[in-house]
């Protein structure tokens, strides 16, 4: 059950490359149990210039009401959040939406991440490890350069194999991580290994992952980001074009995780 | 010559009663010499919600570019400024407008202050003292209660006689300070002493001071506050109704100090 | 030189928030606005819906509609643009699936409706008439849809067309019809008068102002339909002006005001301008219980200012006192 | 799903900012807006005025005017209201006392003008014609004064009236007349078309939107004339929409865009929507050199996006690509 509560910035940790982890302490309430891929709407004391809260995937949520998000300054809201100091107050609504399914122990989960799309996959890996499923989880993680690849230690600690790719070759293989993903799918096809793809990241990456998933006929789950206002199915702003009886579903209430074959992209 | 420059909050000093002195350090430039009653336009990093800078009388200005203002949280701009921390950046334009004339050594200057109208009179007293004119300066200072009467030590240090009044009687005489002013004028009339009035404060106080000044036929100077946008005669927003050939003058460029008899108030 | 009346503060609990919108009685003047509260259900997780004076539903059309391509929304300075495309479940499903829930709440249910053409408006009013006695208090007729194509613009901008449309809908239902006007006109009073003459029980002012935003990287509009409706605090001055114009010109006409209300003081401005009640729209997206916050703040601010009841201040604004005469010599 | 074109950044120094507004050539597309830059003199203390591409003066009438009672201005969310009342020195004093200073600067001088009635407009154009060859580049005819009384509203809202007025003024001067339109209309294209047909050299879009704010303590309007003109970032979406509507419907007509520009990116949005040049208004009150800041930011942003010249992007906005077809089974 989502709820709305007030929280304060506890720490603002700079990961380099513009990435920041904000940890919050809830003042009463909290997110409670969160499924990887679920998100929260955050709004600071922004006055009237910025009206709407901003969506952030939950990086982790603790029973004591503490939770964290990973972000980068992008537009007006994220710039303010990145600059926020410990003690700064935010209003939080969450957890919202539907996340990824946990590994079923049969299929290997290939997590494909890019940029600030890491949190859902980071949380998925954390939870899989906690459930003893780390062995059926692998990470495919791409960025422009090595500064874009953050929190790698965590995956190592959980025993998750990580394949890295950077456009400039400064870490891992040179190029897009989707190339490595394709190789991996070819290999799985050959060996008959059952795999599924869970992905979150920039839209061009998701579009490529979607096509690959469809081509290899592998179950593929995309965690989408659409511009949101309310975050819980009221404004109808966050439409996602889909196939099926209705032309649109809603990122916030039907997603943010959608199956690739359902998404109506070119 | 006014200029525009950037400055940072150096200290934010709480005087109690909601009053705050903000001291700024200029980053290049500065206000330079300031006549008591002149003001500066200040604007913080307020984004687009608050467009226009806010006017503040200069409390003091040092040759090294440091300067100070006295303020209280009133609306949106002052609330943000009062909350600003050391290091916060503001854009400053000033000094602007025309201030009070210094004592001529003949007339006794009766400074009549209320609320955040203190700075021009505080600076006038400081400068008079520095020029050896403290003896021809007296302060009439009113507030709702004793918390409204700040910086009294300075006047004492300068040797300025201060008559205080509070509505609740918690400091000085009970009632409005204009009652004390009237008594003083009666006395001056009797003794043939030449006096003039310099006043700054809430509009109802200024309106009362104006009527008293006119009644006693004493030269009376009012430092007015009108809503401003530009601060230097461009927007024509800060009109002051006056008698004479034109119905309006401008608070920022013709004032903020106006002679009482010129001001077209009821 | 216009000093504030120094009025003694009163006890917040003693403030009488009741108001009347024409014949309709409301426990307080704050409703949730159409399109910003869906059909109410989603909010049940976050707040006690029964505490609301009322709400206006997402706009209902005779048949279900799916809405516009994306992107549908973007933020602007102190506002947002939307082009949802009036997606809704349709009148039949609304009556069967949404109204029973709303009726249970015991709040004033305003059903916002529209049609793709003249006949569809009338059909929708007729269909919704079935909701009389089933929990519908008001039909709020939206004649100001910037986001539907088919000549809909004339319903909201040509007084004679609005008059005919209103009359035709009034004729098929006994529910009071409040007509929601678009601000995208030169003469809002002419529009309000036209619908009042046609039997409207009141007007809702204002819907969104048509606007645009551009993504300079992609060289595309930020809204797929090119233009969208601007809402939020940015439009509050325009909304207040229109409420005041209509209240002054047509003193008998009940007005529900809206546009950028996020605080109790905002609501108070609308009431003083002449609105009998107001709706809170975009503010719901920041916090689902925005309308309740506005009620609490309204009560507190009224108490501070010594205002005992809403009814005594509806339309109480007076001009600034004239200046003293000028002595020119 | 509309991805940004990944264009290579270019050297800011190589960006060509030159533009044409009809026959008029400008060194860059950023001017200071009427009423927000007086007659230029006050700003000389704070900036090098010669660096400006141009400026529009405070609106000039045949005779001097004193303006409205106070309060004349107040701030709103991301905007401000003003009702200055078109105070100005009058055409004669302008030509004698203000124009020589402006001429010296060597910038494009647009003289904004108006009249209290039809005849006064024509008289003003005739008087200002004397400034041709004395430094006046453009007469910007303001037919959108919310703050004068006498039936002025029709000049800006009725196409036929605007047409006749424009024609009459065009007939008495060889200076190009750019007509500044009010956004307080349902159909901005109809207005723009009417003045273009009458011989206007272009249009300025937009003037302020009529709005109101209320002081709940005093129960009075915050502006003495009750309503004032809303400017600033709050109105930018409305201004952009109108620029785009006119640019799309009347591709031959030169447009000067304005309304809420405070950054180079804002200016870029207007240019992409179809404006050949833009004016910076309210932003000048925060910093006198606002127009120069906008120019610098515009150059930097264009370089970042790999845009080599202003001329290649005027009106370059294209619709969002259509979505993939739906497979419904």
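Which chain is which? They are A, B, C and D, in the order written, and residues in each are numbered from 1.
Here is the rule we use: a residue touches a chain if its C-beta (ideal position, glycine included) is under 8 Å from a C-beta of that chain, and two chains touch if they have at least 3 such contacts.
Keep in mind the model is a prediction, meaning the values are calculated, not measured.
Drop chain D from the picture and the touching chains left over make up one piece. The minimum number of touch steps separating chain B from chain D is 1. Of all chains, the one whose mean C-alpha position sits at the greatest distance from that of chain D is A.
Across the two candidate interfaces, A-C and B-C, the one carrying more C-beta contacts is A-C. A straight line joining the Cα centres of chain A and chain C is 37 Å long. Here the CA centre of chain A is 45 Å from the CA centre of chain D. Chain geometry summary: the mean Cα position of chain A and that of chain B are 55 Å apart.
Chain contacts: chain C has residues 3, 69-71, 77-79, 232-233, 323 touching two or more partner chains. For chain B, residues that reach two or more other chains under the stated contact definition are 48-49, 76, 241, 247. Contact topology of the protein chains: fully connected, every pair of chains touching. Residues of chain A that touch chain C in their complex: 1-4, 43, 48-53, 76, 91, 93, 226-241, 246-248, 253.
The touching residues of chain C, when paired with chain D in their complex, are 2-5, 69-71, 76-79, 81, 153, 157, 184-187, 209-221, 224, 226-227, 230, 232-238, 240-241, 244, 260, 265, 268-269, 272-273, 301, 305, 313, 316-320, 322-323. Looking at the complex, you find that chain C touches chain A at residues 35-38, 42-43, 45-46, 58, 66-75, 77-80, 82, 84, 87, 232-233, 262, 282-289. Within the complex, the chain B residues that touch chain A are 47-49, 76.
Every residue of chain B that touches chain C in the complex is listed here, in rising order: 48-49, 203-204, 207, 241-245, 247, 264-266.
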